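Structures follow.
Next, two complexes with chain A in common: one pairs it with chain B, the other with chain C.
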Partner chain A sequence: MSQSFAAEAETDEDALLQVENLQTVFFTDKETIRAVDGVSFDIKRGETVGIVGESGSGKSVTARSIMGLIDSPGRIVEGSIKYKGDELVGNSEKQWRQYRGGEIAMIFQDPLSSLNPVYTVGNQIKEALRLHQGLRGAEATQEAIELLEAVGIPDAPRRVKEFPHEFSGGMRQRAVIATALACEPDLLIADEPTTALDVTIQAQILDLLMELKDERDIGIMFITHDMGVIAEVADRVNVMYAGEIVEQAPVENLYQNPMHPYTQGLLRSIPGRTERGEKLATMEGEVPTANAPATDCRFAPRCPEAFEGCSEVHPVPVQVSKDGSDHTASCLLYPEDVPRDEAVEMHRSRSTATEEVVEE
Partner chain B sequence: MSQASSMYQDQEESETQVGETLVEVDNLKTYYGGQGIFAGPPVKAVDGVSFDIKKGETLGLVGESGCGKTTLGRTLIQLENARGGSVNFKGTDITELSGKELKDWRKNVQMVFQDPESSLNERMTVGEIIKEPLDVHDWKEPRDRRARVREILDIVGLHPEHYYRYPHQFSGGQKQRVGVARALALEPEFIILDEPVSALDASVQAKILNLLDDLQDRFGLTYLLIAHDLSVVEQITDRVAVMYLGHILEIGKTDELFDDPANPYTLSLLSAIPEPDPTIEKRRITLRGTPPNPRDPPEGCPFTTRCPMKVRPEQYRDMDDDLWEAIEVFREVVRERTRVERSLTSRVKGAIRGTDPYGDVDEIVEDTFGHVEIPPEVQPHIGEAVEHVKNGDEESAAEYLKDEFGSICDRERSEKYRVSDTGRTSRCHRHAAEYEEPRESVEIYETT
Partner chain C sequence: MSAYREEFEDKPVRERISDNPGPATRWAAVMVALLALEFGALMTFIMSLPWDLLVGGVASNLPAGLGEGLRTIASYPAAAGNALADIPTLLTRDLIPNQGYEHPTNGWQGTFLGLSPAVAWAVRATLIYAYSAAVLYWVWRGYLVFREHYRYADWTPSDDMVERFRTHRWGQFGLVIVAAFIVMAIFAPALGPTTAEANIRAPYSNTIQHWDEDMGQVQEATVGTANLASQSQGGGSNFGPGSYDPYGRFHPFGTLSNGKDLFTFMAHGARISLFIGIVAIGISGSIALALSILTAYYKGLADLVTVVVADAFQSMPRLLVLIMLSVVLADHWIGTIFDGGLLLALLFGIWSWPGLWRVVRGPAFQAAEQDWVDAAESYGQPTWDLVKTHIAPYTFTYLFIYMAMSIGGVMIGTAGLSFLGIGINPPTPEWGRAVALGQDYVATQSWHISILPGIAVTLVVVAFNALSDGIRDANDPQSEGGGAEEVGAAGGGA
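Presenting the complex of A and B:
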């Protein structure tokens, strides 16, 4: 059978990070928002895993959950996050701090707001060095200079004494990356790191991240909404929609053979893949907010291929790969090689099965 | 709807026909500051650009942030005052207009801004927002204005009931539709779109771009599209101007410019666009550093400090590429240092020690040239520059390096060369007969 349901999550021993059925929910007076709703993926050493999706699809909340940065009214209600085999969900703030920065570092979209304007860039790198590596004084300064050089900032000895406002946008993002690297993390979470930058600077930062990944053998979780950037940097891609991962695939498969109708629509709507001067394909509607556990396909209202089953059954991930690679899509259209009724039935039984497991 | 288009047609009978020149920009300059006895040099945001825009076409304006593209757009509609040059709009030099004349003329041009969140007043209803330009220009009777707003809501794909809603009740894409509606209210001929879709998600972006395209077909609008997203520009423009540090380096038909860029900057910029297809192995030219400070632009070609295809002096033409790059980086570091305003303490320390204030120029040399071998004929020149820096005189060091390693690119601005039959022009010394064309001058392009 070329297409089968995804085997129950195999425990991958060499995975750096394993996220299993993560559910992060925000409880507000008005409504309950299931920002991340049952997300599972893993990241290995030396690998870049991309997460793409439109705004509101839950990309950033996934990242913040992994960093332990979810504040009230948000809460991780379900699932597990394992870093090098250690469970992170349920950690106290003190325990989180051992991982945050030191083991798992994060870089954000806007470098200006992630740097403190009243301290020199050097001071901010030295703060990280002091907290996580116990370096102080001249030793720390020397290390900070070396880090700035490592991220390609020329004239580092002078730059280390400057303030963030004296840096250009690209240079600031380099400084942020230097700070993130200060503690030699094994996992780097990059949340839209190049969105605020020009293409020429974006190219520099992407080159830098890929170099650092190879040099230091770290895992990178790369979040972006730009399909072009993902194609360039990622080894594997997770496509998110309304809090769920709807398609998971190695990067070449995803672009050559998108299986989920949402991924197909997304790829059709970007200018780079359309003939010059042609009308761009559009998708009606917008990303919904998930308020209740899914009982249907959340993409169905916008899906050009939706049928009755889509509003009744919640699809589960199905292996859709034709060449044996790990490619899954959560859509009732699959598996393609069985009659549709049967496929829907399989999804129904599998999704109720997972619900029972959750309830236990 | 048919009513709307007929209104336009009535107005257009005596107007410029499609294909004729609508806007003619000649040697336009917009500077900030620099006036008065004690003022420093001005920031030359737009420094002598000339081009024209034909009726009914879309001209794209691309470039990195800070290159002056928004300032140029704002100057075209007199939101900024030009320091020199002229903007001819259907034969009137609008840089000369003022008072009532200017206000009357402004009906012809509108602008759509980048961020719909901040360009719409939160406290006004959508109807009021779209009606405001009509009120300002005292357009017909209040009743007609309200009818006009409803008509425009329909044109941009919103509903009549949206009239009484507030911006926060809309999604990003809908807000940008309101922005477009407001620009359309006075039936302008010319609309400046300043990054109209860069704040939107891909699927929403596509809808707004399609809407703009439809409106252009329907009303014969002329667009100036300012954007840093080159794939958007490629998609919807007829011609493109590539801007760098206040200058237009290349301008021409979109198809040609994207398929066969002539200017080194255009080449680099296009090669940096991430391709949404992982199987394409693209040879990317990654530019070093960032554009120079517009307060202190390079003397020669504006792109000289980062150009990968720069003309080298005769004696260094066969130099190893890595070494050449290291020299360029070193020059840039020294140049940067001449611009830094030194703090009092570092100046005092420098005066006491009589050495360079950062005390580490040797380290810089070590870092910059560590991975390459410096041949004996180059060594003394680097040494000489280092001596100048050690004496705290970065200016002389920069000057010395420029004399030794500089070329025509560092000394003179290039003329405009015609690079295709359709009249595309590019400013680069390499188009001159005695040098190799930019594309042929680097090996990197052979594979693409």
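Presenting the complex of A and C:
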């Protein structure tokens, strides 16, 4: 298949979650921050979709947008989030609450701070059970114990009555996962669930999540900045940079054939992929804050392959797959099989077309 | 360490107690016995609040039919309360009287066991404080019994708090003084060498017996007449602390410039100070808690509006507003309760929330920003539950400390206004008025009139601050030393 532009608004009926051109903007006194700027992806049942990027690239804001947890001064200004076909954008607080927990649950980065230290672990799991399964009293305790066992906490009947500080880091994250499972969600958003944990514990938690995914046939949206972790768990990967998805591919494709210079840079900076003794590659600079709709490539200032077109034209996603799988990258270098000027021109016309849609 | 006890599983407290009733029964039996001794006094205290004025005031503002209904309904608990208040109690002036006359040959007549009034009064006051200490100790024992036998967790974070407070001498000093002050307020009628009714409110409707040396027999005189002979006005006429007046009355703290007993005045003044402090702080604390949670949770516009309103309240000159409103509302029924006491409490309550709100706004924001609030929200906990379980308790621990500190400020404010003659009007006793009455005599032998109530105000305010310091340090050991923010909350009176 020759490289071509990605088909627009590719709707997939069996997708659990469809995010389309999501734009979440924070209006502060000083500036307008476009934390998420036109992000689109799908998650199917039983699939793990990874979102990877540096700090400040908009990963967590994407997750919070899906949960409806964007607080003032932030707002979803554009786009659509469809869950099982229902539009979530524009929901009232009360409507959001119908999806939170029971449909979409979230696991946060720091397991210590996502459990309230003054309530027992069991208490917090039981609260979720009460809300979503209507269980109370001894029945709820029994269910909480079973959930703790399901996430691999030994001696659960005793542990259920302990406070979070009596749990180790890995145990706490298991307890947080148990709380999420108590809601019986169909989609689990894991926002850097292993970042605060030891490497050995990380692997256990990742295994646990994958097991639960298969057992319960849930979709997982896995957010991390760790390329190693994402290789471990994800089926598909979205690479985010400055509020945009710059590359989207099945996990093997991405690792074997990274197309976007940013992804290439990220992969080069993983220890272990380079030869021993070789200097580890770094990317100079940091993720810029997007204040206005993009008119250029936001990665251009850090890009080793940037040329003059990069500061004038905003790249749009292009099919770059060589083997027929769904692999897109937003870079003016692609499509590779046409002359560069022509490629830039194609990007220019496509991005102005999108802007016009946005204007409407 | 196991953090819980197997045997309790999921049982509610009631079942845990019925499974092992021994310790609880023993504790409760002693507590009931202790309270029974003074149950009548407690009811007297409750009934001494001006319910009739309150009910009357509300009723007269309602349509006639409703108002009558309210009066009728209110009369039942009133009758019941009065009946209960008549139950005899142990520590009364009837049982241990300290008022009598000294017969030239037979010694003191009418006093407890014929002791001198000073000793009889000291016995009664000592018993009252011993009794109060026993009750407080027994409450503490109750906590220990619960902790040892009935609490299902064998350790909770509050245990650390208690342990830290046990080594906090400054906080304990505050606790002792505050407790002594509260006991003084509650037991005011029994504690004074005479009653407020006889000595202060209606001295010409009450009489005392005294030994008239000229006539060689017992004479009756009105208290008013006796008061005229016991004025402390410096110079030749002074009845200082621990003195007897010509009518054989004992004055532990001396007399006022109008001859009334200073200790009785102060004991009843403690009641009014405590009442105003608690009502005012209760009002402002509730407003501050509600607003801090509202602003922390909704942020943005809600926060901005509250900031503006708080600024508006704080930019009004509080003293002038208080003076104006006390004058405007002086003849309103609210102004007549406690001779302006309730009015002052309401005004302080309504005008001191911005300070409290400002100091707990930070902690409330902090609580609302915690990941566990997000986590709870992410699994669909309704807003009200979220606030109730995660934000309010955390905010309240801070608020409580600042409320304790602000009580001192309200008391100083009340005393200050009364000193100026615009706070609480006679005859209701108030410490600030005693200071005002004695200010002409500070440099004479009658120094006690101003100095003793002045010291008392200072001591109580310092004690409230010490107590809240202690609670704060116990609550959060990292806070030792305190910051600038508490100045805003504690900051003096009007």
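The rule we apply is simple: the second predicted complex is superposed on the first by the 359 of 360 C-alpha atoms of A that agree within 3 Å, B and C clash if a C-alpha of one lies under 4 Å from a C-alpha of the other, contacts with A are read in each partner's own complex, and residues count from 1 in each chain.
What we mean here is this: a contact is a pair of C-beta atoms (placed from the backbone, for glycine too) under 8 Å apart; a residue touches a chain by one contact, two chains touch by 3 or more.
Everything numeric in this text was worked out from a predicted model, so none of it was measured.
Asker: Check whether A:E184 is in contact with chain B, with chain C, with both or with neither, and answer first, second, both or neither.
Answerer: In the superposition, A:E184 contacts neither chain B nor chain C.
Asker: Contacts for A:G228 in the overlay, against chain B (first) and chain C (second): which applies, first, second, both or neither?
Answerer: A:G228 contacts chain B only, not chain C.
Asker: Touching A:Q256 in the superposition: chain B (first), chain C (second), both, neither?
Answerer: first
Asker: Who does A:F163 touch here: chain B (first), chain C (second), both, or neither?
Answerer: second
Asker: Touching A:G137 in the superposition: chain B (first), chain C (second), both, neither?
Answerer: second
Asker: Examine A:E54 and indicate which partner it touches, taking first as chain B and second as chain C; both and neither are also allowed.
Answerer: In the superposition, A:E54 contacts chain B only.
Asker: After superposition on the shared chain, which partner residues are touched by A:D86: those of chain B (first), chain C (second), both, or neither?
Answerer: neither
Asker: Considering only touches as defined above, state whether A:D71 meets chain B (first), chain C (second), both or neither.
Answerer: A:D71: touches chain C, not chain B.
Asker: Under the contact rule defined above, give the chain A residues that sit at the interface with chain B and also at the interface with chain C.
Answerer: The overlap between the chain B and chain C interfaces on chain A comprises residues 158.
Asker: Which positions of chain A touch chain B when the two form their complex?
Answerer: That would be residues 54-55, 149, 154-158, 168-171, 198-204, 206-207, 225-229, 231-232, 251-252, 255-256, 265-267, 269-274, 276-283, 286 of chain A.
Asker: Please give the residue numbers of chain C that touch chain A in the complex, ascending.
Answerer: Per the touch definition, chain C meets chain A at residues 2-4, 10, 152-153, 157, 298-301, 370-372, 374-383, 385, 389-390, 393.
Asker: Which of the residues in chain B come into contact with chain A in the complex?
Answerer: Residues of chain B touching chain A: 64-65, 171-173, 201-207, 209-210, 213, 228-232, 234-236, 254-255, 258, 268-269, 272-279, 284, 286-287, 289-290, 329, 332-333, 336-337, 340, 358, 360, 363-364, 367-368.
Asker: Which residues, counting only chain A, touch chain C once they are in their complex?
Answerer: Listed in rising order, the residues of chain A that touch chain C are 67, 69, 71-73, 93, 97-102, 105-106, 108-110, 113-120, 124, 127-128, 131-132, 137-138, 141, 158, 161-163, 166, 176, 179-180, 182-183.
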